[in-house]
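This is the structure I have questions about; it appears just below.
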Amino acid sequence: QSPYGIGRPATPAEIAGWNIDIGRDGSNLPEGRGTVSHGREVFDQQCAACHGEKGEGGVGDRLVGGQGTLGTAKPIRTVGSYCPYATTLFDYIRRAMPQNAPQSLSNDDVYAVSAYLLSLNGLVGADGTLDAKSLAAIKMPNRDGFVGDARPDVK
Amino acid sequence: QSPYGIGRPATPAEIAGWNIDIGRDGSNLPEGRGTVSHGREVFDQQCAACHGEKGEGGVGDRLVGGQGTLGTAKPIRTVGSYCPYATTLFDYIRRAMPQNAPQSLSNDDVYAVSAYLLSLNGLVGADGTLDAKSLAAIKMPNRDGFVGDARPDVK
Amino acid sequence: GGAVLGAGTSAAADADNLPPNIPEWMKAPGEPMGSQPYGTPSPFGKNVVKNISPNLKQYISASGRTPLQELDGIITPNGLFYERHHGGVPTIDPAQHRLMLHGLVERPLVFTMDDLRRFPSESHIYFLECSGNPVYTKPYGKTASDLVGLLSCAEWTGVSLKLVLQEAGLKPEAKWVVAEGADAAALTRSIPIEKCLDDAMLVYSQNGERLRPQQGYPVRLLLPGFEGNMNVKWLRRLHVTAEPIYSREETSKYTDLMPDGSAREFSFYMEAKSIITRPSGGQRLTTKGFQEITGIAWSGHGKIARVEVSVDGGKSWQDAQLQEPVLTRALTRFRLPWRWDGQPAVIQSRAIDETGYVQPTLAELLAVRGENHFYHNNAIWPWRIAADGEVTNAQA
Amino acid sequence: GGAVLGAGTSAAADADNLPPNIPEWMKAPGEPMGSQPYGTPSPFGKNVVKNISPNLKQYISASGRTPLQELDGIITPNGLFYERHHGGVPTIDPAQHRLMLHGLVERPLVFTMDDLRRFPSESHIYFLECSGNPVYTKPYGKTASDLVGLLSCAEWTGVSLKLVLQEAGLKPEAKWVVAEGADAAALTRSIPIEKCLDDAMLVYSQNGERLRPQQGYPVRLLLPGFEGNMNVKWLRRLHVTAEPIYSREETSKYTDLMPDGSAREFSFYMEAKSIITRPSGGQRLTTKGFQEITGIAWSGHGKIARVEVSVDGGKSWQDAQLQEPVLTRALTRFRLPWRWDGQPAVIQSRAIDETGYVQPTLAELLAVRGENHFYHNNAIWPWRIAADGEVTNAQA
């Protein structure tokens, strides 16, 4: 049925090992959980050097604040103000952060540090915990801020 | 009259310094002259290391012999057997030889070493001398051996 | 005679090598055969390198630009192809690289590089451009490379993505393909299935030879006309899905903020654009009289239909000559003969593509998109020529 | 799946980097931006270099071949462009290089490189081939590169020679132009004026960037379709004459000896030719089933009209698909889908150009030209595939 007969079947175990994509509905979020307070520990140790003590930015992006600024002359785009889905935050941290050692965090730690960053942005309580279900349930402030490609927009 | 007005005039002195082309009629051959015997000295000192003691070849091309072989199964193409014009020999030695120091020979030496190579090929007497006039007058054995491009030659 | 001088033109000549003298490089043999098993440019061209800012915040997620004003024709040599990566350039052993194809397919598959090369191949000349090329706000760059150097063009060889997807068998719900790179950013973008079944390719060669590491060795995605970031390099995984994955690179980055605070997402195509590369910013006209004006034009929507050039600050426009053949979604070189009268002048080009779209001015773009739009700036870019021949950015 | 394996394909995979494991190159950042201001190929491609015999008599007047069987598409990357020089590769300072134009002209002129770049420019993709590619006698080469690797193709940019000649004004007696290189061989060839006023160019760029030293930096002659040697590199002088100069390179060398002892002189054009590059000598089929057959075709007389491929030792022939656009005097990539049944096979291609000329067999050429002809061998070259998949030269 394969027209060229090229390639070999991918096994479920192989797919599970490589498929780290998280759907915006939370699909494919792994098991595990993490608290804001553990997230603060992870962040202080592994993230603050690049993103600042309070996520205010440095070599790495600013991660906190900016809500309400997107329509102003000086928009501040952060995870809190701009990112439409919390799943994206989890997905990105797991695949790419910390920049010096990507894919090194446990799933629990990714939940924890996501929880901490969301708490810094006022989107999770200071004593909160995140797991697959609660992370998927978060409604980000800019969730409905995106529109399609309207180009050609100059006539 | 120059459509683009690009470039500057070349002076006669500049042209004279660079124009080393020798026509097959001997045009543009320089003043000077050289004997076979002086040519042997030049050759022994500056050419034999690459072309062999008697021009039999080495790192450089074989320069002697081969007359009468061009139509055989093992043609030997040399200055003597193949080259249609003696002017080509002069032109090439002056511009390109000795390979380790091109354009270093005096015109007299180029005449001399050309005379020597032609004498080894039986085309100049052992006590001969070459200058512009006598070099241009030499009729090389393969002078009439060339034909035009007959392709396409396979149908 | 005089010329358009680039930044790196060497100093005045040493008369020893000028006529009537014999230049020194004719008096001794040059480099022997094999001194460069893989050739490199002349040492006299050592200034022609990628344009990399010495003041970047960090160099792991960063970009390096093609020195467009130094180049001719439409092909970018591989050594000068622009770079943008988010996790540095990985060193991948092709024998250990795998491409996994899974998700909404009948038969999830794993391919080796040898497998990918066994498919029917095809080659096309396409441009590739980063969507943030250039930004909308000052300070604007000085040279053509500073402005739009995140742009290159090559002959790509690979397999049609459609054939690879057919090998796995798409399920009816398949609407997007999520592509992931094998770099430290595991860079991820969602591609609409229509593009994947149209002209998308998995490419392994660039200008004849294998991809450079900076361009995705051993295999990358190539989406003709789509913004550079989507052409995922070091491709390791294709996940066929029903909706986009909303990856960080298609939400936080590569979306276009509008003045009202909304943002355009999934804005894939690079619209028609052009720039004069000679004379251009940083160069100098050293003489009045004949000067060719030349540059490049391109459009993600197809072929360039026309390039117009103005030498009077936009008052009047003339058609430039287009280098043949004009290829779809490739750079198109344009040329216009011109005589400079020695007076100050403002020169600029505008591209029109086969859809009839006309490259806009910066003011027109800013009026609609505002200063915070960041991506997809395809404005006309004028150069100012001063009476002394200096060429500078007329918007700066 | 299996594949056509090239000589340098890496060894078996280290399972640590295979799925389901995360490959090591995703777990730490790669090379930062700027680690290669001028990019180079992957270290895993270090076997893809020019094919230079280790047994040459000397390396000053010698050649290095393009590894054709490793390449895709039609563009040869500059680093792998074939080389042939007679006095080594000179290192020329472009600021001290001059082109002199004299002889049967109204106004002898000297041009700087800046002058030459001021003329109207044009770019074309053309092949370049050495006339001795390959020889007529055994031992024949093992690989496509060994056989016809003195062949490459690039996008060239420069000025039409016609414009430069017009600048000096040709006298009516002008019939030839003698071109001289600024190398240690002061290499000299006579070009008929018709070619000089047709498509001849003075080129300074190759695939976008300046010529490589090995290809004539800073300026060379480009005579589309003419034998490589005439495309004089490091061009310093154009002498307009009434007859050819009968230089050593057009008498002693680059003439074609016939069986009767006569020799063809001024045999300029490279006739139509093709070769299968994959699968080709030195490679190995590792599996039965689908294999694409691909190769290149070219003709000095214009466009390739058709390429036919035989997979049964010449009994039957099928039309291959030609890569678009087919350009005049450029390489044309051809492709044919094929399924190998695991049996021994002999595969070969033959090119037909727009003049209707059909690429001949070696036997046909030898019957007319004999074994001592040396140059302009454009024979069909068959490859033998053994039952174990090994591909070898079927004429060897």
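Chains: A, B, C and D, in written order; residue numbering restarts at 1 for each.
Following the convention adopted for this analysis, a residue touches a chain if its C-beta (ideal position, glycine included) is under 8 Å from a C-beta of that chain, and two chains touch if they have at least 3 such contacts.
What you see is a predicted model; the values in this text were computed from it and never measured.
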Chain pair with the higher count of C-beta pairs in contact (B-D, A-D): B-D
Distance between chain centroids, defined by C-alpha means - chain A, chain B (Å): 78
Cα-centroid distance, chain B relative to chain C, in whole angstrom: 52
Chain B and chain D: spacing of chain centres that average the CA atoms, whole Å: 30
Where chain C touches two or more other chains, by residue: 1, 19, 26-29, 58, 60, 87, 100, 110-111, 115, 118-120, 184, 186, 236, 290
For chain B, residues contacting two or more additional chains: 4, 6-8, 10, 14-15, 18, 99, 102-103
Overall pattern in which the protein chains touch one another (line/ring/star/complete/other): other
Interchain contacts, given as pairs of chains that touch: A-C, A-D, B-C, B-D, C-D
Chain B-facing residues of chain C, complex: 1, 19-22, 26-29, 289-290
Touching residues on chain D, where the partner in the complex is chain B: 57-58, 60-61, 86-87, 100-102, 106-111, 115, 118-119, 163, 166-169, 178, 180, 184-186, 188, 236-237, 239, 241, 243, 245-248, 251-252, 255, 257-269, 271, 357, 360, 364-365, 367-369, 371-372, 376
List of chain A residues in touch with chain D within their complex: 4-8, 10, 13-18, 99-104
Touching residues on chain B, where the partner in the complex is chain D: 1-4, 6-10, 14-15, 18-24, 59, 61, 70-73, 75, 77, 79, 82-85, 87-88, 91-92, 95-96, 99, 102-103, 145-154
Residues of chain D touching chain C in the complex: 1-5, 9-14, 17-19, 23, 25-45, 48-50, 52, 56, 58-60, 62-64, 70-81, 83, 85, 87-98, 100, 110-112, 114-115, 117-123, 154-157, 182-184, 186, 204-205, 207-214, 217-218, 234, 236, 286, 290-292, 294, 323, 325, 327, 333, 335, 337
